[in-house]
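Sharing a structure here in structure tokens format.
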Amino acid sequence: MRGLYIGRFQPYHLGHQVVLQKIAQEVDEIVVGIGSAQESHTQENPFTAGERVTMIAGALKDLEATCYVIPLEDVARNAVWVSHVRAMIPSFEVVYSNNPLVVRLFTEAGVAVKRPPMYKREIYSGTRIREMMLSGANWEGLVPEPVAAAIKEIDGVDRLRTVGKDDGG
Amino acid sequence: MRGLYIGRFQPYHLGHQVVLQKIAQEVDEIVVGIGSAQESHTQENPFTAGERVTMIAGALKDLEATCYVIPLEDVARNAVWVSHVRAMIPSFEVVYSNNPLVVRLFTEAGVAVKRPPMYKREIYSGTRIREMMLSGANWEGLVPEPVAAAIKEIDGVDRLRTVGKDDGG
Amino acid sequence: MRGLYIGRFQPYHLGHQVVLQKIAQEVDEIVVGIGSAQESHTQENPFTAGERVTMIAGALKDLEATCYVIPLEDVARNAVWVSHVRAMIPSFEVVYSNNPLVVRLFTEAGVAVKRPPMYKREIYSGTRIREMMLSGANWEGLVPEPVAAAIKEIDGVDRLRTVGKDDGG
Amino acid sequence: MRGLYIGRFQPYHLGHQVVLQKIAQEVDEIVVGIGSAQESHTQENPFTAGERVTMIAGALKDLEATCYVIPLEDVARNAVWVSHVRAMIPSFEVVYSNNPLVVRLFTEAGVAVKRPPMYKREIYSGTRIREMMLSGANWEGLVPEPVAAAIKEIDGVDRLRTVGKDDGG
Amino acid sequence: MRGLYIGRFQPYHLGHQVVLQKIAQEVDEIVVGIGSAQESHTQENPFTAGERVTMIAGALKDLEATCYVIPLEDVARNAVWVSHVRAMIPSFEVVYSNNPLVVRLFTEAGVAVKRPPMYKREIYSGTRIREMMLSGANWEGLVPEPVAAAIKEIDGVDRLRTVGKDDGG
Amino acid sequence: MRGLYIGRFQPYHLGHQVVLQKIAQEVDEIVVGIGSAQESHTQENPFTAGERVTMIAGALKDLEATCYVIPLEDVARNAVWVSHVRAMIPSFEVVYSNNPLVVRLFTEAGVAVKRPPMYKREIYSGTRIREMMLSGANWEGLVPEPVAAAIKEIDGVDRLRTVGKDDGG
């Protein structure tokens, strides 16, 4: 059985990792869909899809399930989003998501959806990690080691700090 | 004479209905343009264009003018919007609108614009009706009966409540 | 029951009309989807969606079924086309089409498809009518009278002759 | 040597003019890129690209450097924006910008970036000038004379006041 | 008075130059619109918009009229193309074109169109010059000297020869 | 070292497989980019990106290099294509391609390109395999076994035969 897990992964963190480990106990293969793949160099989405593929692939090496890591560009209309996703990834039987819109759209399309328990979301959250990066707090412990290494290699924290600054327009 | 009346109709309500009844006294044919047709499944735009066509067509059955109900997808640039609309609908002589941008764009293009008096806008407003749907208030009396029936058939209130929830990021 | 009939209608002709009359005996309501709605002013697609709405609405006045005439812009990818169509028009139970791609896409999506017998296709064909317009042959008898009138009002034959000319580039 | 200077120029003002005069002392030719060229008729972007070309060309007549004034439509993804700009304008050796995102994107692409000192930004700012237009304050002195004339000719202040009004939804 | 002259200019040649010289006797200012600006690296459109701006600006230096050289990206729909062009360039009173579609679209929009006599089109033609580049014939004499220089600087003939080759698929 | 290998893989065949085996001897990791990812259900591109991911992942299981299989949607302009690819995939040092346009675009961008010897291209070619599928010839031996299985599971040959038929329009 194949399952789909979608996130923006800005960045991929240990909360994602724990959820994927649980999913790996339920399905043989996991498609990890990287949402908003076309976005990068913004406060909300600092990393490119390719950078996120690199982070995630490094972190998934020990996972027991076979993983497909696939960038998913946004489409401008919710009503076709499910068929867009289906066309871009291998066929799947179940979606794992806690995003209400994602849950709704797949449910309306007749796809089975499971809501994986989120792992310590007050600690492991992309928004919080990006804020820690901006404020200089110690964020490295919240992500798998290969993710921290990948972010350092691309000078990711500096990019995040730069792109959001006001230009005094 | 043919007139154009544009709205997002999220949902179509009795305020729209009263305005259309007045327009029907001035023109023989009315084009009802459904704006932001590509949007759906959001807090601002919960219903698809097709669902809105269904609602409106049901409500217009007793109107004396001939009506064309046409979905209009957004174009990303205001400067070409008037010619986009003109290409998608039958030719018309007058636009009925109170939206300042719509009024401005058609006026700059040399099209006659009339501002129909809005009907009890503090009561009949799409924003207010969606808020009532979210809070569980009694909204059904604010829309024509066929609209209420169409929204129930697609479980529209539940959709609206779902799509706007935060996912705890 | 509601049925969907899709065409480009460049222009709408008596072959379409005969098929719609037969469909009207099977369903209560018909959605007439105008394909490639964003196209106009080309040899293949001389008329805008709005002009085609006008032609078709005139021709459908005597049809016994309730008709919805809805422009459908192309989407660039076949895999999401069915959900695009579904989002733009009222819900339907059956599609009437002889276009192999349309038949395939709806069938893969689990929608019932019927193939209406085409009416004298060697005579009634959009391609043939456009060629007759170009060559000066008598095409008016192949379309409903309101269609011929609409084409004349917009000087449609002259437009068709103009847009395809080579500029000697 | 050729330099690139990018702005939205809503409107072009004396702060831009002073910066360009300094750039003109460093390079022989300047490409003035008009960002968000597809935008118009909004509070943030009231003027079309063509109107901005007209304003800027009028103001640049006395500048010593050769100027190319080029509209640049936005592309939806930051990661390709630098190559989009490069494809649309003559080749250049240096970018002049204080916008953090622009600086970052060109720097990551290996292009030399200089940060020109901004001229009295608390006075000369597009945002402030648009606010003065809205409030009826005297803004004409903050822009070159040809810019003020161009804005008057298109009735630009009236447009700005109109497009942002709420329609009472 | 301001006139508009549109072409793809792949490449700009002496035929264009002669036409512009005649237009310069009729108007004070000329907008040179570079069509299909987003295209490059194909057999039909080898040069980027920026490269074409460079070529044209070099060739126009001796022209008596003030010239604006503006890249124009294609829009996918003919029905909005005129308003797209109008939004991107300074306002104009007359269009100079021999392209039947361009003539038709501006005429339907109520814009005055003049058809400038083409100059020895059997000799000066973009298609013919690209064929000469491919076959190794001597094309340099057919373009203004700055154009030939610009093409050499970017190794343009080699690019043209490369991009069209079949890959044996 | 990481290498990039791009193709449309309609379908993936033994010619691709042999080339990838040779690449695997030169680099540690290979990114397999699936071009024209948004295309499907046409004669040229019958299979969705997701279906192609499934085919390729099955065939790559025994390859010695680590592989990333990434769908790449087309962008409409050649001049930004290299940065689009770079943003979507992990960073790479060398591109393997025989497509002249791909070679040219990466070379102009300063990326190292190697031309892998094609393997019996008169036998192993996507075009030829699709023609064999259409004519009923025995194509299964030209693709890896998992590819043949995947195509059968989605009834791919029947899809290919259907989508290209003329509708007698």
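Here the chain labels run A, B, C, D, E and F in written order, and each chain numbers its own residues starting at 1.
Throughout what follows, a residue touches a chain if its C-beta (ideal position, glycine included) is under 8 Å from a C-beta of that chain, and two chains touch if they have at least 3 such contacts.
Keep in mind it's a predicted model, so treat the numbers as computed, not measured.
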item: Chains touching both chain D and chain F; value: A, E
item: Chain F and chain B - chains in contact with each; value: A, C, D, E
item: Option in B-E, A-B or C-F whose residue-number contact pairs overlap D-F by over half; value: B-E
item: Same or different contact residues where chain F meets its copy chain C, judged by the half mark; value: different
item: Centre-of-Cα separation between chain D and chain A, whole angstrom; value: 36
item: Centre distance in Å when chain A and chain C are each reduced to the mean of their C-alpha atoms; value: 43
item: Multi-chain contact sites of chain C, meaning residues that touch two or more partners; value: 38, 40, 48, 77, 79, 86-87
item: Every chain pair in contact, whichever chains are involved; value: A-B, A-C, A-D, A-F, B-C, B-D, B-E, C-E, C-F, D-E, D-F, E-F
item: For the chain A and chain D complex, residues of the former touching the latter; value: 38-42, 48, 159, 162-169
item: Chain C residues within the chain A interface of the complex; value: 75, 77, 79-80, 82-84, 86-87
item: Chain E contact footprint on chain F (complex, rising order); value: 76-79, 98-101, 103-105, 108, 118, 121, 125-127
item: Chain E to chain D touching residues, read off their complex; value: 37-38, 40, 48-51, 53-54, 57, 68-71, 73, 86-91
